[in-house]
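Two complexes are shown next, each including subunit A; its partner changes from subunit B in the first to subunit C in the second.
For the complex of A and B:
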């Protein structure tokens, strides 16, 4: 496994662990989601360089478009939850407990 | 909700589902899943109630993380095998990560924690969408990659889902949460047979969708969100409660109703493969589901409420019953004699 693979795996893993173990604020979870998307973007951009297949240069652009949409949706949800729950603290998301 | 926004959401749901189920490249599958997630978020949060916003937050975080994990697993597989074909998933770490990602999307144990809360926070129609349509693309991806998946992991998750769906559903009084746990239990049944006969997974899914849609439509007609409301629901449309009881028993898997067919075929296939202990375990665990379905049927049809009702039927309310309700309930009660057709088709 080359250094590139290691850096990509560790970036993605650290971001996903950050998303899984988010403690206080919703926005930190959204940031970790964005960094997962960023590491995926870098990995997908390396793909046409490694395989010398320029037709797959479309893939990072496509992924970026959808991750931008998702980021926008996440921020809209952040604003909506701040309006209804008062803050973006995750302690307050307890209305739906079993 | 704004009709144009509803149209865009509905069209995007169809588009996302079609893209994923007809895809050969992992990128297209991921795109379809993303479109589905983005399209259903306004449907969950359209009432701007705090519970709805909280449900949409939890839904968004889990689904987005699962989609990214799916893309990561396909990227890993592409690095090791050089291709992005969905049916050619070969690297074992990719297979495990893919199983995890799709389990998060479906709500299999141990990734089920978001599912009852999200269903509790949305309206009945949105619950129907979340429990049936949103499960279809991930199950399709399971179907396409089923030869490469790890049997031990899938069997463990399936039996745990059946167990947890049964046990957690016992203590619920809100009907949407009961249906959420019943969904988790049925997903366990669908997953246990995936390696051995993927066609049975799809058959179980289609019959489960049909029966659950019937239940959701009935609950939407009588507008019962909790068990205490269900006790007076029989006064609204008396024949509907009878049909409700039969549909619930079909969902529980009792012969001679339709819901028996997937369970029968799955037990037969598991026994043929020599996994009799697994078949016995999952059958015994579905008895827990039978208990809370019977409790729902009991509350709806057999008990009289403690308040004094001196008329047998309420003053006529002009709420037209959905035509789909009658079709789906008929199908979910009477379809068992057509079971030889399932043998010849699948």
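For the complex of A and C:
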């Protein structure tokens, strides 16, 4: 089991580092956010198997529902900022600011 | 001599003579009524009603007659019983005398009307309903009389029903009386449920009556007797013909509320809260009506407000726990108030329909009898010593001064008494003295005995009635006998002050000063702003609130304020505030986020 813990700890950390240090496009940040959610989903699904507590089987489904909402909100922000700024490149988000 | 038998028979005879113009046309086909025959009927009935009055004075006897019983349900029987005590036996001749004079006057006044017989019949039906109210021994008969006088008042105020203001005034009278009727029905329901009877003499007078039925009775008296709060119908009722104003709205109908309180006095006398309510409301109504009368320009409205003020004075007397004195004031007031109305009717017809005081003047030489009786009536109203009004008004003021009561009520009543003198003198001066302001050609003629006889008869009554009644009816409660000189002469002193005030103010009219508007004048002339406030403001507010709650509230609140649009406006407000703070350096934000997470993780590892 420790191998499983190592794998999703490292998946989560790599995705968050990817969220923090992306270069060009906003959409790559959103993609890393999705991978964070994915790793958390797998971790939450492991929990009832390990502790033999079947009543918390509901938890990953709930998290999935909220992550879908969050992805939708993120994409809406992306679309809105792309419509006003012309592209989703990050360096022109504060280009015209005084 | 079997006195009870003669009393009962003569009373029955009075009522039978009075209802003959209604019953005889049903019995024979050839019988036609006319205003003169109705007047003669009332005169005969008056003569017949003197017999029971003299009998009761001679033998100090009261009587209750029981004719028939309506077995309503097993436990609750409603008897048809008539009570002939000092109040009803004294009121019958007075009411019949005043009605006789008014009907004789109406023969001349309504001579050019198309339906004079119907008019006199309406007045007769009104009188019968009023007498049923007076003579009733239980609340059921009293309620029949009460509603009867209300209906006849509606029909008679709206006599000239082609006129829109007359219809509005009649409707106003009915509505305000209805609000009072709620109180009366409340009291009747309480009596039926807790004392199991509607007989007035079966109500126990030693216990404390709870406040609810007494408040109902006071509400009924407020509605019918035009106390403050339910008063606007009385000045509006001047839209009716002058005989109607003289009979209903001065002597007879408006005292029905006070009479109810006199009849049920044994329930009121132990409850101090009810008595204080009567006292304060009466004081407020008398002052308010006297203030409004000061700046009115219509002669009938001044007399209407004078009636309202005297009704407030009667209510004050009830609040002092003196029902017999209130009844004395009712009796004397009937004479001079009816006479004032008849004099004003004569003046109005003589000037071809002119009712405005500012267009009358110098009538003393043109209408000598009428104006002399107008002066007598005004002096009696003011409480001039030894005319009719003095015996009741002066006694009331003496009792007010010597009682343990609310000082504010006392002050208001005294101020109202001086205002009474002021507006009466104003009316008398503007009508009778100085150069005349009437148009050049007017049908001035008072040579008709149908005008002068009723007015002089009532003038005789206004002079003698006080003396006669107080000589023959001993008081049941001891009046205060000893008081300081200033207290004894309070009424005369403040009346004289009012007269001096009126004379000083009338001097201003000789000096051609332009009238300026100020707050007090506007308040008095528009009747205290009560009519527009209550009639317009309250109804528009109520209807607006109704529309808001019924149709606007659901749509407005759910769709706009709480639903999607409300959420959008909230977010918009928040983002407008914070938009200047955002700098947009995404990479810097995310880099600092990663750095701080790393630092925290490293620091918490041990």
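What we mean here is this: the second predicted complex is superposed on the first by the 93 of 98 C-alpha atoms of A that agree within 3 Å, B and C clash if a C-alpha of one lies under 4 Å from a C-alpha of the other, contacts with A are read in each partner's own complex, and residues count from 1 in each chain.
Here, a residue touches a chain if its C-beta (ideal position, glycine included) is under 8 Å from a C-beta of that chain, and two chains touch if they have at least 3 such contacts.
Since the structure is predicted, the reported quantities are computational estimates derived from the model, not experimental observations.
*Asks:* Should the pairing of subunit B and subunit C on subunit A count as a clash or a fit in the superposition?
*Replies:* Clash.
*Asks:* In the overlay, answer first, second, both or neither for which of subunit B and subunit C A:29 touches.
*Replies:* A:29 sits against subunit B and subunit C alike.
*Asks:* Please indicate which partner A:38 is in contact with in the superposed arrangement: first for subunit B, second for subunit C, both, or neither.
*Replies:* In the superposition, A:38 contacts neither subunit B nor subunit C.
*Asks:* Output check: A:21 vs subunit B and subunit C. Expected answer is one of first, second, both, neither. What do you get?
*Replies:* After superposing on A, A:21 lies in contact with subunit C but is clear of subunit B.
*Asks:* Between subunit B (first) and subunit C (second), which, if any, makes contact with A:64: first, second, both or neither?
*Replies:* A:64 sits against neither subunit B nor subunit C.
*Asks:* Check the contacts made with subunit A and report whether subunit B or subunit C touches more of its residues.
*Replies:* B
*Asks:* Can A:80 be said to touch subunit B (first), subunit C (second), both, or neither?
*Replies:* After superposing on A, A:80 lies in contact with subunit B but is clear of subunit C.
*Asks:* Any idea which of 59-67, 77-85 or 113-121 of subunit B is the one running into subunit C?
*Replies:* 113-121
*Asks:* Which residues form the common part of the subunit A surface touched by subunit B and by subunit C?
*Replies:* 16, 19-20, 26, 29, 93, 97
*Asks:* Mind pulling up the subunit C residues that touch subunit A in the complex?
*Replies:* Residue list for subunit C touching subunit A: 583-587, 590-591, 593-594, 597.
*Asks:* Given the complex with subunit B, which residues does subunit A contribute to the contact?
*Replies:* Subunit A residues touching subunit B: 5, 12, 16, 19-20, 26, 29, 33, 36-37, 40, 43-44, 47, 51, 59, 62-63, 66, 69-70, 73-74, 77, 80-81, 83-85, 93, 95-98.
*Asks:* Which residues of subunit B touch subunit A in their complex?
*Replies:* Result: residues 27, 30-31, 34-35, 37-38, 41, 45, 48-51, 53-58, 60-61, 64-65, 68-69, 71-72, 75, 78-79, 82, 116-118, 120-121, 168, 171-172, 177 of subunit B touch subunit A.
*Asks:* State the interface residues of subunit A toward subunit C in the complex, per the touch definition above.
*Replies:* Residue list for subunit A touching subunit C: 16-17, 19-22, 26, 29, 90-91, 93-94, 97.
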